[in-house]
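Below, chain A partners chain B and then partners chain C, in two separate complexes.
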Partner chain A sequence: MNDGVPDDVKNEIFAALRFGDGEVERKGGREWPLSGDEYRRYGRQLIMPEVGLAGQMKLKNASVLIVGVGGLGCPAAAYLAGAGVGTIGLVDADDVEVSNLHRQILHGTAKVGMSKVESAVLYINGLNDEVQCIPHHERIFPENALGIISQYDVVLDCTDTPASRYLISDSCVLLRKPLVSASALRTEGQLMVLNNPPRPAGDVHGGPCYRCIFPKPPPAASVVTCGEGGILGPVVGTMGVLQSLEALKVIIATSSEEDTPMELDEIDAQQQQQQQRKKADPPNLLLFSSFSKPMFRSIRLRSRRADCAACSAQASVTVESLNSGSLDYVQFCGVSSPVAALQPSERISVKSFAQLIADSEQEVHFGRPLAAPPVVLDVREKVQFDLCSLKGSINIPYSVISSTDPSATGPSATWVDELRRIPLDQALYIICRLGNDSQLTVKRFRELALDEGGRRRIVDVAGGLKAWRDKVDRDFPEY
Partner chain B sequence: MSDTGTIPIRLSFGGGLEAYFSNKRTQTVQVPSKDESGAPSNAAFLIRYLHENIMQYHGEAKNNPFVTPEGDVRPGILVLIGDPDEIDGELADWELEGEGAYVLKPNTLVSFISSLHGG
Partner chain C sequence: MSISSSDTPSTYFTILYFAAASDITKKRSETLTAPVHVSQLFTLLDKKYPGLKDKVLCSSAITVNLEYVDVDESMSDEEGLVIKAGDEVAIIPPVSSG
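Let's look at the complex of A and B:
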């Protein structure tokens, strides 16, 4: 190019300006694939052979959908945005709650009450304004799943129910999107890359889907949420970070032909398959158990199931069945109905229970109480009992109660003997966190004959400590 | 090994199942080397044996967190097998090892992992 400036002078000017903004290079006539800002921002990953310029361009042109902006979705979104994924979609219907903040790192104290997607967009824009954020302020349903997922290249399942996990997996199979699925509870996490490569249903060279691994959902009663079981922030954070890593790997491994997956069929099928078989890792489940040694274990998983309802040649899950609403995922996974194990006579409301306690504390003539203090058994786990409990209540965790065999002969458990020593005219009042385990305890106590053939009353405090806080003592801690 | 002998099986539990097995994530148990019919013990027998002899659960069968009333492993639990003869010792989905028909060897590692759903 002859612009009348000697080359050596030009080089000197460019050298002096090399830390300036990207405009200078373009004025000089060279078009760089990334802006100067991008070279600087992504420099530390650009110099890695695993990424390089080609990988960065793929990230820039990629779109990733994050379903669920909670403990998994937050760290995943942060790292994908940091890495320069061009478009990030976020699906969540919930608002930020203060109990989210120990693990959902995009949200802060000032954002409590804000929608999670809005909070996440603010964070991502602040981190990297090169990223286009698309908020979907809604829950994922069969009616909207295909419409949302079809707009993206890779999907991250960061949700927290079996129903959404099956729905997202089915949708990814139908739309031929790779799916990075993770979950976490207490001290453990699980991670799988599913439907990778995302071959059409019936193609045995495609990666297995969620239904291949778990053809039937677990019984609803066995599903424990983070609210019930607890979750350590770094545990779910680790899984979310690993999801972002797997998503980056999937994007970077994509060949240019695969950038337009809907045209795959036009390419020589055999060549494609060979290419993909070589590239895709065999299906794996990564188990993270943060209090075990070693903390990580990788499990070899099966390939696609020949009779899979979603990804086999005989698949019953179709675009039509999904759109028509004939696939009811909530029904498929079942609903855990609230425990209703007792007769009304075996229960007491928190208000009446509070009155009972008040009566026993009220002194009458000669310093004698009106009534003996009620025997209150708190059946939450000890760790919860230690957080906060009613004055004078005794802790016998439900896990201890439920693992005591009522049909066992020989000496009974110590706690059973101790309860037997309580005078028969003293009723036992059973309380727990929400009022479910307390009902099961009343039933179990009868099986253990602690009601002494009906001579001792065993009473469930209905609604548990949650009702106690809501209706009696606003200062009782909520956790 | 005699007909009435036992073989050591290494167990591991995860995803909450350990709560029903003495709260131990890993343990080694001695399992009869032959099943009820005298055939070499397989993975299906192991599950039956664990349910009847090792597991601590006394609730209703329909709510059993480990096996269904029919005696199958409950949906949502992955059974993983680490064959002691495989050099890498890697755990694999038992569907890759013959499922219930997998014949136990001394020191086979069998892992039961309940799927997690929190996020």
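Let's look at the complex of A and C:
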């Protein structure tokens, strides 16, 4: 066709216009649903019967929300972007820290200090500029959850607190969005596809929600974060990659009927039977236990709970209760009780503690030692103690201390006996990583009568080794 | 460590401890005497590991032979589920970090 416009210019214009299901690129009179670049880019998955052209078009038209751009969200975002998901939303309020980099693969050394969402958008744009990224530089709260989640088709929960897990699940039930939920800690991971199919609350054909599987949150004191418990990069990476896989499967399996529900009289008996079969197929919980054999276990989950607070006919979680703030997720999940209040005489600042050590290192003062070296008990776990510790400190892990029952009869634990042999005029100084376990230890030592009825001082080094590094010794390692 | 049920003696069931459950029990798995009614499991484990019920079991998913079981529902069900010799039980606390 001679319209006076050079072919290469026309191609560029058409390439810029290719968007949406109905629009096609026109070249040489033929119309193709994907651009030449897209055929080449996605060729290796397009030729698979599980994807095909129809699957690729669904991916292109799909929008996925990733809540949390950390160890799970990074690999999930990378694979979803690579596969050609049209729109990816990213929610995170945090900035990249150097301790993230061993597992959060979208961020790099040069991005430390940058917001995680900005870093992720840069990575995704570099990987695949066909993908539209929507950054949400904020934490997810009851006040913003419905507004953000409503803009997307599928949600990935890549967050790190029980409160956000319940909030995201409840929001997905209310907005009828399938939820791919994963988590990881230390050497283990969990993966579930929830609220799939995303039928309205009370519809038994819908998939169970997070509350159906875990109706009661774990006690706040037992919740361990990756910062406290540790995490192996490939473990959380595996879970994030599997999350992206499940999201692709959910998108590709979406039928157009799901989007536009038919009138009741249009559904014939055969379709009703299919619905019945859907009900009989509850989802799985995939357990990854990387240091056990076998590494993977698949648990057959239950269907929706008849008394579920979110997805049953008697649900108490509603759009109104969420928006009004009457649902307090932080309170529901409990707040870790503030550490036992100690008397001022039971605490010492790191500066005074450093002075105490310095005094004891002065050999003589008018012919006598100024002070005996203080007895310093470091209550971190042994593996942390082995990383770095104060000179002369003794390691008794808090897990050992807390599992020693003060009311138990019979012979006391060896470590208790050894501490009793220390002269009474010697105070025991307790230090830990952040200054919480040390306070609990002071309290527990009193319960174990290690203060010998008040004749021995037991002192918490306030703020722990973090304060020591911040205020006394800048060279003490931070980890 | 092998935790396959084929090693289990004929009067025992295997119990697997994940996440916080393995922190408290200091074990990934062990064998216990069968049979046990599911509704008795928490009491039995709490006796063996004081505090385990409140700290872990009440908020965990419990499975028998890779199938989720509802402990509350089986409490009210006298027929209920009985853990038999050779069964594999798992204690799966929710993990929220990522």
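Note that in this section the second predicted complex is superposed on the first by the 421 of 479 C-alpha atoms of A that agree within 3 Å, B and C clash if a C-alpha of one lies under 4 Å from a C-alpha of the other, contacts with A are read in each partner's own complex, and residues count from 1 in each chain.
The definition used in the following text is that a contact is a pair of C-beta atoms (placed from the backbone, for glycine too) under 8 Å apart; a residue touches a chain by one contact, two chains touch by 3 or more.
Everything numeric in this text was worked out from a predicted model, so none of it was measured.
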| item | value |
| --- | --- |
| Joint occupancy of chain A by chain B and chain C, clash or fit | clash |
| Touching partner for A:Lys216 - first (chain B), second (chain C), both, neither | both |
| First, second, both or neither for A:Ala462, with chain B first and chain C second | neither |
| First, second, both or neither for A:Thr404, with chain B first and chain C second | first |
| Chain B/chain C common contact set on chain A | 68, 70-73, 158-162, 165, 182-186, 188-190, 213-214, 216-219, 221-226, 229, 231, 236, 285, 287, 289, 292, 297-302, 399, 405 |
| Contact footprint of chain A on chain C as seen in their complex | 1-4, 18-20, 23, 28, 50, 54-56, 58-59, 61, 63, 66-68, 70, 90, 92-98 |
| Footprint of chain C on chain A - complex, ascending | 68, 70-73, 158-162, 164-165, 182-186, 188-190, 213-214, 216-219, 221-226, 229, 231, 236, 239-240, 285, 287, 289, 292-293, 297-302, 399, 405 |
| Residue ranges of chain A touching chain B (in the complex, touch as defined) | 68, 70-73, 157-162, 165, 182-186, 188-190, 213-219, 221-226, 229, 231, 236, 285, 287, 289, 292, 297-302, 399, 402-407 |
| In the complex with chain A, residue positions of chain B that touch it | 14-16, 19-20, 25-26, 56-59, 63, 65, 74-78, 80, 90-93, 95-96, 113-119 |
